[in-house]
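Here chain A shows up in two complexes: once beside chain B, once beside chain C.
Moving on, here comes the complex of A and B:
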């Protein structure tokens, strides 16, 4: 998605608390119909960014624009946003109906309009039968939907979601992921979704902004972020992968692992000097496993365990040097048996190689 | 021994103990009520009911003005100390950070100051600093000083459980900060605020020492009651005490009912 149709513009925004930089020079353009995930580990500054967009906090530097209007100094209750919190924060003394009507009442809507909007939002979120209950009488998933409804009911400019699924159990979470994405497509307003869970970011969003140590580490479409991470941090944080240390050989075209007897050719688009120490990341599903009897090259390993994950098999392997590596393969009826000796390798084009210490050099 | 017998023995012993404790707590209160309704206030048993003392009370202007003064003093003190206590609670819980406990201890410490000290000291201090003679205003201020710590503790206990992000949730819904306070924070925390109001009201209604030093000639109920001792206790005083107690009880029952209703709703 290009930046030409910038609906929300975050322009060189920083937030300092004393000497601590919670957010450092972050710029981000969000277009009207997009679902953007802000992904980062806890303490990375992702929630700070959300609070700045909401207006619950003010940036130390930089500006924030909504639809071309500078809202940096605008009070949060005048921004016309919706927000969904991790703890839902439904008003316990009000019924579901009153919770849903709250944003409309605050905008002084007419009574008929309020009723109509509440009916509408209750309809799309399947809440119509529980409008007269109190939040404490609802299950976690229902409370989540009320929170979502309260965020959406008043036609917000955008919806901010702060880890809204973190308090739900796994099954419900996957169900809600699909639903939330559906609402976003249906309503055509941007959803800005903060999470530390890379699976959620990948399954729901159009684009992902990866935040680390207050800086925007990567920004791109989810497939690109997943397949072509630009920094070691993104390679480590998005998807599940294993990391190896290696050294570029004197010929400048092959890499030899430091701890294992395995060499592979550098992909032609990767340029390193002979003798460079490198970090290699391989996604768990990109490993090749071959039987030791078949010959070939690879890291000599032993199958320690096989975990069945529905359509996938997770092989827990132990290399001869004692490292544990997990390799994911489609389910087969004849999985490699436990204690089998195997060779672990990968297609050089499928791994991500960075100069050692590239993360530190950026700081 | 038969275990059933042992069980019922324990049960009966506890029941008797309970009755004794309640009797100990309520006998003085019930006695005054009886006495106020009796023809022979000095020894009202067996009771012979009449309302003569209440009729005499209604014509006694000293008691009436004492009642009104006390009511005014107690209401103003309750509001003042609750507002101050609320602000202190918000400050300590939201903005004090790591030093919250230290602030809380200093806010609660005046609980342990003797009322008589507070009364004499306030009188001296207000006169010295502002040349304020003892009057209703200084009495309210001194009583609020005394009640503040109670109010602080009561509201801190309630607000400690309050999730401050509730206010943010209301604000992102489009509520101004003032509106989020009245629409969300106040309804959620009001049992604590009400408890603080009632406690401060009762404390300052009954407090003799502070008002005694600061009000001078203005009669309040405790001071009139105390003064009455010198001329012999009159049955009107019984009637007055009973009335006050009924008012206080009614307030507390109203509070409990309100909390019940609220809990049922939540």
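Moving on, here comes the complex of A and C:
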């Protein structure tokens, strides 16, 4: 992405607390009308990055630009952002209407304009009937919508969302995921969505930035992040997968698992030296299960349990070496029975292989 | 069943009896006495409004009362203004020493009120620390702080500062400062974060602190006696004299009723004048 087309530009930003690097040399360009998820485990630095963009904290190094303007030293209230917090943080002493009007009043908008904007945002978020209630009189989902409305009402340059769905129950969360994505497409401003929940990141965003240990681990289209992880961390963190240890055989073209009697051919695009120790990640839905009688190859295992997940079946398998592996398959009317002996394998093109210790070597 | 009943009655009846005996009864006695008369150190059981008439017409009592009222308002407002920055500083920057800071505030309470007033006399008097130093340096002593209303004012501040700081501290420590971040992200500058969010959400705590200073100052008798000087007589001090030297108990009782009513009115104004839902008041539980 070129310098001029990026709407939000985060340029080599670091944040240190004493000797601790909360954020280390992160660069990120965000275009207008983009929904970007910042995904990372807790303590990875993703919230620090969000606070830097919001202006609630200052970077130790690096610059932040909005629409070509350097805002690094600008106070939060001068940045024209909207923000939605995990704990909602609605003003408890103000009604819904006053909460929604707050950002507009802070910008000293005219009374008529404030009323019009509040009506508008209450309309798109279905809050019109509860404008005179206090936040404590609302359900969690309603409070969430008010928080979202407060973030959007004053035409922000961008909306920052800090794990906004973490306090909602599962059903409501899935509903809100669709809603939030719809608002973003409707409003045409970038949404920066911080989460530790990879499912949320995958279901809502256009691009995903994976943060780990203060560093930008990966950045790309969500499909690419999911299907072609570039580092072992991303392979482990995005999607649900199982990890195996293996060794590249002397021919340099096959990998043999360390704990299991299973060999498979290296995909042609993977280059390793004979004798290299490697880590292999296989997504749960990429496993093949064949029955023992068919005489195929694979890791000999036993079906321990079958969990029905709507249109999918989750087979809980125990390998003969005692490891538990979960394999996800489309629902069938005749699932493999519990205690059945099976062989577990995968298409070599579908797994992700990294040199052992690649995570550590990068640090 | 019997036991549970008995237990509940004990839990309810003992405090109720205590309140009736030592709280309601003396108040009733005070009100009754205020409608009687005292003559030559004897109580005359004759219903009359004369005591209240005296208080409403005699200049000295009106002066004492207005002086007390102005003093109480001035002291309470000053204390709130002083305590906010102190409490705010402890809560925001005290870190793990917060508890120590707040305990330090209570240290003066470990000695008695009279002792603290005598110490202040030593500080502010003609040969006290302040004026003694001024005289030794060849300067004129500060007459303002010698046995005057100013001296009383300083004493009230000194006496009640810990109370007010502690009250506001307790309010602020329970305040969710992330709300200030939210306001900031909504475009509020520091001033408006304070006026729109921090102050209103700590208003009920501030009012409690205000009242904790206002009520005892309005009825104070020890401070003006020790430090007020000839022109520093306050209402409470005059009231104490009615029960002591003058022996005019009925008039004193009427003064007590006046003080009681005034404090009650102040409390009513402050608690009904503000919508508790808009002050971060949590005493009613979650609604």
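What we mean here is this: the second predicted complex is superposed on the first by the 359 of 363 C-alpha atoms of A that agree within 3 Å, B and C clash if a C-alpha of one lies under 4 Å from a C-alpha of the other, contacts with A are read in each partner's own complex, and residues count from 1 in each chain.
One rule holds in what follows: a contact is a pair of C-beta atoms (placed from the backbone, for glycine too) under 8 Å apart; a residue touches a chain by one contact, two chains touch by 3 or more.
The shown structure was predicted, so the numbers you read here are calculated from the model rather than taken from an experiment.
Taken together through their common chain A, the two structures put chain B and chain C in a clash. In the overlay built on the shared chain, the residue A:106 is in contact with chain B and with chain C. In the superposed model, A:93 lies in contact with both chain B and chain C.
Shared-chain residue A:183: touches no atom of chain B or chain C.
Once the two complexes are laid over each other on the shared chain, residue contacts for A:66 go to neither chain B nor chain C.
In the superposition on chain A, A:237 makes contact with neither chain B nor chain C. Contacts of A:81 after superposition on the shared chain: both chain B and chain C are touched. Annotation: chain A residues 54, 56, 75-77, 80-83, 85, 87, 89, 91-93, 102-103, 106-107, 134, 136, 150, 154, 160 touch chain B in one complex and chain C in the other.
Residues 163, 165-166, 168-177, 179-180, 183-184, 187-188, 262, 265-266 of chain B touch chain A in their complex.
Contacts from chain A toward chain B in the complex involve residues 54, 56, 75-78, 80-83, 85, 87, 89, 91-93, 102-103, 106-107, 134, 136, 150, 154, 160.
Note for the complex: chain C touches chain A at residues 176, 178-179, 181-189, 192, 196-197, 200-201, 277-280, 286-287.
Those residues of chain A that touch chain C in the shared complex are 54-56, 75-77, 80-83, 85, 87, 89-94, 102-103, 106-107, 134, 136-137, 150, 154, 160.
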